[in-house]
Structure formats: C-alpha cells, structure tokens
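Labels for the chains are A, B, C, D, E and F, by order of writing; each one numbers its residues from 1.
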Amino acid sequence: MQSFASLTISDLWIERAERDLCKGLSFSVQSGDVVRILGENGAGKSSLLKVIVGALSPEEGRIAYSGEDVTLDRSILQQDALYIGHSVGVKQRLSVAENIRWYCPDVCTNVLHEALKSLELIDYMDTPVKKLSAGQTRRVALARLWLSQKTLWLLDEPFASLDVKGVELLEERIQQHALAGGMVILTSHQNLLSLASRDVMLLP
Amino acid sequence: MQSFASLTISDLWIERAERDLCKGLSFSVQSGDVVRILGENGAGKSSLLKVIVGALSPEEGRIAYSGEDVTLDRSILQQDALYIGHSVGVKQRLSVAENIRWYCPDVCTNVLHEALKSLELIDYMDTPVKKLSAGQTRRVALARLWLSQKTLWLLDEPFASLDVKGVELLEERIQQHALAGGMVILTSHQNLLSLASRDVMLLP
Amino acid sequence: MNWAWFHKLGSPKWFYSWSKAWALPVFCFGCLCLVIGLVWGLAFAPADYQQGNSFRIIYIHVPVAMLAQSCYLAMGIAGVVFLVWQMKMSPIFIKAMAPVGAIMALIALVSGAIWGKPTWGTWWVWDARLTSVLVLFLLYMGIIALQNTIDDVLLANKAAAVLSVVGLINLPIIKYSVVLLETLHQGPTFTLTKKPEMPAEMWLPLLFSVIGLYCFVAGLVLWRMQSEILLREHRSSWVKQEVTENGL
Amino acid sequence: MAFDSLSAFLMMGTHGVYVWSAYGFSTLALAWLVWSTLSTRRKTQDTLRKRFKRSVSR
Amino acid sequence: MTYSSFLKAEFLVLWRRKQDVFNALLFFIIVVVLFPIGVNSSPEFLAPAAAGIIWCATVLAVLMALESTFKEDHRDGSLEQLVVSGLSLPLLIVLKIIAQWLVVMLPLLITMPLLAEMLYLPSSGFWALIGTLLVGSPSLFFIGVIGGALTVSIKQGAMLVMLLILPFYLPVIIFSTLAVKAAQAGLPYSGFLAMLLAMSLLSLVISPFMTAIAVKASVNA
Amino acid sequence: MTYSSFLKAEFLVLWRRKQDVFNALLFFIIVVVLFPIGVNSSPEFLAPAAAGIIWCATVLAVLMALESTFKEDHRDGSLEQLVVSGLSLPLLIVLKIIAQWLVVMLPLLITMPLLAEMLYLPSSGFWALIGTLLVGSPSLFFIGVIGGALTVSIKQGAMLVMLLILPFYLPVIIFSTLAVKAAQAGLPYSGFLAMLLAMSLLSLVISPFMTAIAVKASVNA
C-alpha cells in the first residue's frame, strides 16, 4: 500500500441516457478518508464510481491521483484501486477459492482459509459460485478486501444483501483500512453514521 | 382481492446444494399479516419464497392456501400471488410503461401515470429498463404492487438498492395492503420493526 | 506540410459550416453530370456491335461498382484515422458512409446480374469479381448491423472503426484469393477479360456518369454527416444556435 | 440520337426489359437514398428543436 | 399477466430486436454463400446440392435464433415470473413459438428466389423447396425450443442446443431434400410434404409440454 | 493478478467447461455428418468436397466457441477487472487465445482421421488437410476473437459474430481447400501453406491490439 495517496476530482460532468449527472462536482479524498456518496436512485452514484475507476468516460472534468493527472490514462490509478460494482465481478462457474485466487494469485493458503473462515464461506470453498445465495456471492467478492493490498477502494453498495453479521464485519474492515492509511469511496442507502468520515451529496 | 385468505405451511424440508434448509418449518399467515423471514446469508429465505410460489419443489412438506391443499398444484395460489425475487423479472429491452403493461394489461392510463409519478419514474416512462439505475429498475418491478389486485405478496429483499424515499413509499404501501386484508411475506436484512407484524426465523 | 486543414477537419463545428456551404452545390453538380452521362449513354451513344443495346447498362453499372469500392476504401482510412488520432469526425463519416456504400454495392450486384442474363445467359456465376462485390456488400451489412445492434455510441464508434480497418486489410486478400479460386478450377466461360476498345462517344458519357455519381455521393454523405454532427454535438452552444436560429 | 423513334428507344432492340429494369432499380435505390438522407435531416432538426425548447422552458 | 399481454410483449421485444432478426437472415445468406466458395462453385456441383445446402443453412439459422429464446427471459427473472404466473405454461410456449416463427421464417422465405438462383436450383424444384420450408419449418421450431429451454441456465448454450437438437432435425432435412429431388426428377412429392406436415403436427402436440417441464426445471436450478 | 495467474485461471475455467469443449467437438462432427445426409452421400460427391466440408464445419465450430470467449467474463465483471488490472491487455488476449486454441483445435485435429475416412477424403489429401488446419486455424482464432470482443455486451451475439467474421474467413477457407485440392492432384501445395502462415502471422500482429480496443470500449459501455 502506498504510504500517502490522494484522489482529486474537479468539475466533473457525466452524461447518461441524455441526462446530466454530477454536473460541476468536485471533491478530494485523502489517506484515511471514508467517503460516502449519497444521492437518490438514479442520481449517478454508480456512474461516478465507474468514471473514477475508468470504466466510463465523463464528458468533462479532471481526475488526479497522488498528484498525477490521470484523466486520460487511468492506469496508475487502476494499479492501486479495487472496484466492486453492482454486479460483483465473480465468475459463476469457478468455485469460491478459485475466484479468490483469480484476483489474488499469491495469497498463501493459511491466509485464504483465515479470510474464508471469518466470512463464513469456509464450507463453500469448493462450491461453484452459482450455487450460492445472494449474500454469499457478495461475500466472495468482498473477500478481496481482506486479501489484497490496494489503497483506493471503490465499493458500490457493498452492504447490499449482507446479513447483520456481514455488515458488521465489513464495517470493521473498512475502518481498519482507513486507519492504515487507505482511502474508501462507497455508496450506500443505509445509514452508516459511525463509518463514513465524510459525505458527498449528488443532486439529481 | 379475496376477502379472507390464509396460507399454511407445515413440516417443510428443502434441499439445495446438498444442504438441508428450513427443516421442519411450519408457520401460517392470515389476512392482515406482514411476516418477515429472518436468517443469515444462505439460511434459505429466497429458497423458501420460491417454494411457496411454486418455482422450486420441496423435498417434503404441505402447503395449504385458503383451506385448499396446493402442495402438488400451486395454480390456485399463483393466481392470487405476486412474487418479486432477487432478479426482479423486468424485461431489459422493454420500456418502463411496456413492462408494467406486460404484467397489468388492463390498467388504465391515468392510474398508471399516477403510480409512476409517485415512484418518480414518470420521466423514464419510455426509457428501456436497461438504461435505468439499480434502484430505478427495482422501482419498476415494485410498481406492480400499486397496480395489481393480488392478495399474497412474496417479496425477496424488496428494499434492496432503494433510496430512503423509496423505502418509505414501499413500507407505506405494504402497511396499506395489510390493512386492506392482504398478506405479505418478505425477507430483509434491514430492521423493519414498525412494519412486520411477525418474524419467522430460519436457522442455518 | 501544413497540418491546419487536418485539425480543422477534426472539428465538427468547422466541418459543419464548411459542409453547409458545399453540400448542395456538389450534389447538384453531381446530379447534372449524372443526368447528362445517363441520357447521353442511353439515347445517343452508338450500340455495341457485339452486345447490342444491353451494353448501355454499363453507364450505371461501372460507376456504381467503382463507388462501392471507393466508399469502403474511404471508410477504412477513416477507421485508421480514428484509431490512431481519435479524430471525432471519423466515426461520423463511417456511420454516414456505410449505408451509401451498401446501396452502391447492391446496385452493382443487381445491375450486373440483370446485365448477365442477356450476355452470359445466367443471372449469377461464382466469378472472382462478382463474388468479391458480394463479400463487400456483406461487409457493409456487417458494419451496419453492428452499428444498429450496439446502442452505446462510444462502443459503436470503436467497433465500426475496428471492423472497417480490418476489412481494409482483408479486402485485397479476399479479392486475391477469389481470383485464385476462379483461375484454378476452370471458371465460367463468360467473363469479360478485356475492356473493349471503345470509341470516344461511348466512354465520354461513362466519364460523365462516373464523375457525376462521385459528386452525387459526396453531397449525400455531407448531408448525412451534418445530421449526425448535430445529434452528437447537441450539447455545444453552436448547435443550439444553428438549430434554433438558422435551421438546416 | 442512336434510335429512330421513341418506341425503338424503349424497346432497345431486344434488350429493353433488361436495360430499363436495371435503370429502374438503380433509380429507385438512389432515390431512396436521397429520400432517407433528407428525412433524417428533417427528423434530427425536429428532435433537436424540441429538446432545446424543453430545456429553455425549464 | 394475460395471454394477450404476453403475446403483445413478445412481439414488442422481437420488434425491439429487429436487428437480430435481420442478422439471422444475413447469417443464413452467408452460410449459403460459404458453400459455393469453400467447396465448389460449378453448376454441376451446386444444382443437385442446392436444396440440401439451403435446408442445412435454414436449420443452423433457426437453431441460432432459438438458442436465445429463453436466455434473456431467464437472466432478468421474467421466466420465473412466467412459471409462477398461474397461466398455462404450454400455451404460453406455443404463443412464443408462433411469434418466433413469423419473425424468423417469413424473411427467409422472401430471400428464397434469389438464393435458389445463385445456387442454380432448377425451377422445377423451387416450389417444392418453398413447400417443404413452409410445412417442415414449424417442426424445427417446436423441436428446437425444447433444447432452448433445456440449456437456458447454461452459459454456453448455443452449442449444446445444436447438439441436442440436430439429430432430431435429420428426418426433417432428409424428407425435405427427398421432396425437392423428386420434384426435380418430375416425380410427385406430395407424400413427402404429408410426412413433413405430420411431423410438424406431432411436435406441436408434444413439444409445449416437454418445453414446459424443461422451463420449470431450469427455473428450479 | 499476474500473467501466469491469469493463464492458470483461463485453463481452469476451460477445464471446468470441458463439457463445452466436448460440445464444440460434437457440434463439429454433427455439421460434418449433416452433409452426407442432407445433400448427397455418394463417394463421387463427397471425395472432392470433403476438405471444403471439413473446413466449413471447423469455421462454424471455432466461431461458436469464440463467441462466448469474453461473454462470461463480461457478465460477471471479470473483463472489467482485466482492463483495470494494469497488465498489458493485448498480451492477456494473446494468452487467452493460446489457451482457447489448444483446447478447441487439438480435439478437432484428433478426430480428423476418422472424419476424413467418413467423407472418403483420399489419403493424398489428408496430410495437406492437417497442415492447413495447423497453420491456418490460428488466424481463425485471432480474427474471430475481434468479433467476440466487439459483441461482448450484446445479448444475442452469436449470430452477429458470425455475420461480421465469416466474410473475413473466406480467404483462409479458399487457400486451405485449394491446398488440399492441389495435394490430391499431386501438385505442390507449400505455397498455399505459406500464404496461410502469412495470414496467421498478420492476424497475430494486428488482432490483439484491435481486440484490446474493442474490449476497452465494451467495458466502457
């Protein structure tokens, strides 16, 4: 993980389905921040995360990561970022363990078992993901948060379909990451007063 | 809507992915009940709803609807039931209005507009669903609750990806339905103390 | 070398106002030449001593066949330009060009087939030239299908550009291979191997109709590009001004 | 003029059907092309006009 | 949901996907073109093979079109909704197939004169070919849709559908090409057409129920 | 993610999907069998057409297999992850194609002796056929994968891929069948093999970059 990093977004303007989103949005995130993106349904939260990670191009705006301008080429940021979207990026055919190894190839077996145990997936280690329930699938995707060493986390409604225990686990992990100097940007419709250090409000 | 209806489930046993779920579960629901199914991720909540509506066959157990045994043929129940699952059953290529007309062909235009207005979808009436955000898509599916006259609602995490306003709207609608003599069975990981009249706990 | 024109071409606003001045004159000039060429060819040129009057189809067939190939070449170049320099105008050009090219290829096929009946005695043979025009037509249809199926504009741009470029590389290969096919296993006997030595009153009208069709197509494509530019640039203030004040 | 009379021009020797059908098809196709081009232009203008009006009235 | 709103939505979706229908047509044409170019382009080879080539291409195009019949419905959960709608599933399936047949086969039939010419099919065989296509193709759809339903939850379904279904198509192909050959030889071919009609009717009776079972099973999984 | 973990996961996924690979093989065999049955089964018809039929079937099977190359990765978001991984996308694509080629083509090659026998391919042409398949098929994969990447975000992509890509396959098919015909006639055919090799190399150079562009654009959409 980088010792100190920052993300600055200025004068953003996204257009989707002939509507303007996030017009003129600017904000910045420093090491240790947990930023929550707020907004109604369709306000553009998911679109904003996609723009940051480079999976969608904005109409206008600049994005800088750790002082470098990444507006045109997002690859520096991407090497440091971990993005989990609405569709979680988990291969349905592969088993839980294989999915995790796909993202984190050199994680050692003990660490992997440890993480799966705390996520209560250890019994399903060799089950193909398509046979898991909604919450279990989300847990598989979230396992990366325990196992990889990225600085910037971009999480789109990470608490969706998690049960109470899962929510607690994840909150704890996010706080831990922020304390260790990471940056987290997440969207959520649930109240996470204790968790987020700052809110960014998107007007529709 | 039927004037008085009831659903009784006894000695259920579902098997999925070589695991027993809901073993020996029995409960019944009367007109006016809002029942919340509780349980950890993977406890079998979604599976239970699917079994009730007849999209999955249980290993054992009996299901009775309004006094009639529907264990083998669920069609009486189905005519009276409205089920919305994790994947919401909305056609991505059709527009919002077309999707709603698919389910409720004889709803009159005024009523439809009214419902879309209260769900804040009126601007998107002719937009194909695939261009909507996660929460908006869920709202399209939920519009059926305002427009059709079914007694038994089976809702699998209906609050997922809805914003605060959407959650309030839906809670109100559910309470209204219960007061009018309907039955609601829903799963949710969020706290809905005010809403549910009863909880059914599934042990994993 | 002065690259200013290249950068200007890349600017939709500049291109729009430029094309607004040129589209109509070019189109009208094209129509005029085309009419002259066709009327001359149909009514005044002497009949061919071998083929009789059926040879008059040449005045539409050859220009259209030439256009079908030129259009693809232009699209391929535009594709390269887009992939290398990201020029905004290239995908607009490709989108405007594809249906025009497809129609040209279609007319070449139909007029050729009709011409084949009296001269070769059959509508269709699997000869090199015919087959490669058929493939060209299918390539055009592929690009159109792709553009219509993908509804994301950025993706459609890239996809059409990629396909045009790959087609540009492959079209000569296809042509070459099809020629081989024909020469190897004893093709149909009725191919025009040589251009007849035409008298001037035969080839002059052809020249007119060729030039006419080029200008006709150029005018059309400019118009098509204009609509596309307006749609894509609807956010900029000049489009607003253009549409609300001037009209098309 | 390569033909003596109008009927001879229309008959084109024995090849009238072929020549005229080829030209007929070509004319139709080119005319369709022109028509579709112009109608897209008109439609584009209309939709943009409407959109701008909406954004002004808002 | 009612039967008529279901049928309306089917047509609407197909209309939204009209480019796909057009693609099916182009695919069919390309497969037909593949043979003269890839194998042999002389009239002596093509004329007797024409009906067979056209039928093989039709079968492939129909299979490609059918493979995705239920795919999209499954993905967005609307297949599940069909199962729990309380309407008769077999009837819904028949309606779906009728919509598909109209949308896929009519364009194919329209291009036939052109392709027949390009493959040098003698005019004596042409009407027999059209007849076999009209009478035989419904059975292709009814049989094929079973495969589409079976493989709906499987990701790489196209291939598997072909595999499961092609063997059942063989009789249809054989009778059809025999009919065209008989017509080319000046023999009566109405017997073959009757056979094809019988197969279409048989599959109309059996297939909706089989498909309903398959759909239910794939929703279950 | 590293290159080696990527390659490993590719092979793992393919291994999980071994049924699909097997299906590709069966599909290929069925298409080949369709011709003797649907068109004509006499040796005089089949022997000269054999190489063409086998190549046409190969092309269809490869396209079917390629169509889904990126589909699944796109659906579950792992394609997005490839793009944002910071590794060289063209190189990842080459690795993916190598894995695909090994898994799809090797089984096809193994069945060749059998099918050649069934189609009465003279033994003089057999080794030429194998040679063309070995040298020519990489270009099929490299060209086809562009189509797969372009249509990844489209639901009913199989048809469109075929539409886009089949015209580009024509030269490969033509050179291959010409080579086999030359071999059957006792003529030298190394010139054709050289052409095929050149096409494979050309597509190896161009395709990964084109595919990378397409993948990036698809992920954006």
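We adopt the following convention: a contact is a pair of C-beta atoms (placed from the backbone, for glycine too) under 8 Å apart; a residue touches a chain by one contact, two chains touch by 3 or more.
Molecules present, by chain and UniProt name: A, B = Cytochrome c biogenesis heme-transporting ATPase CcmA; C = Heme exporter protein C; D = Heme exporter protein D; E, F = Heme exporter protein B.
Predicted, not measured: the structure shown is a model, and the values here were computed from it.
Colleague: Going only through chains that touch each other, what is the minimum step count from chain A to chain D?
Modeller: 2
Colleague: Which other chains touch chain B while also touching chain E?
Modeller: Where chain B and chain E might share a partner, there is none at all.
Colleague: Comparing A-F against C-E, which pair counts more contacting C-beta pairs?
Modeller: Of the two interfaces, C-E and A-F, more C-beta pairs touch across A-F.
Colleague: Quick check on chain E against chain F: do more than half of the interface residue numbers occur in both copies, making it same, or fewer, making it different?
Modeller: same
Colleague: Can you work out the whole-Å distance between the CA centroids of chain C and chain D?
Modeller: The computed centroid separation for chain C versus chain D comes out at 16 Å.
Colleague: What is the distance, in whole Å, between the centres of chain B and chain C, each centre taken as the mean of its C-alpha atoms?
Modeller: Distance between chain centres: 56 Å.
Colleague: CA centre of chain A versus CA centre of chain C: separation in Å?
Modeller: About 49 Å separates the centre of chain A from that of chain C.
Colleague: Two or more other chains touching the same residue: where does that happen in chain F?
Modeller: Chain F, residues with two or more chain partners: 17, 72, 75, 160, 163, 166-167, 170, 174, 220.
Colleague: Please list all residues of chain C that touch 2 or more other chains.
Modeller: Where chain C meets two or more other chains at a single residue, that happens at 138, 141-142, 145, 149, 154, 178, 181, 185.
Colleague: I'd like to see which chains touch which, written out pair by pair.
Modeller: Applying the touch criterion to every chain pair yields A-B, A-C, A-F, B-E, C-D, C-E, C-F, E-F.
Colleague: If we count contacts the way the header does, which residues on chain E are in touch with chain F in the complex?
Modeller: Residues in contact with chain F: 17, 20, 23-24, 26-27, 30-31, 34-35, 37-40, 45, 48-49, 52-53, 55-56, 59-60, 64-65, 67-68, 71-72, 155-156, 158-160, 162-163, 166-167, 170, 173-174, 177.
Colleague: Flag every residue of chain A that touches chain C in the complex, lowest number first.
Modeller: Its residues touching chain C are 15, 57, 59.
Colleague: What residues on chain F touch chain A, complex-wise?
Modeller: By the definition above, chain F touches chain A via 1-2, 4-5, 8-9, 12-13, 16-17, 72-73, 75-78, 80-81, 83-86, 219-220.
Colleague: Under the stated contact criterion, what part of chain B meets chain A in this complex?
Modeller: Contact set of chain B toward chain A: 16-17, 39-42, 46, 86, 120, 127, 131-136, 138-139, 157, 160-167, 189-190.
Colleague: Using the touch definition from the top, list the residues of chain B that touch chain E in their complex.
Modeller: Against chain E, the touching part of chain B is residues 53-57, 74-75, 78-79, 81, 83, 85-94, 98, 101-103, 105-106, 128.
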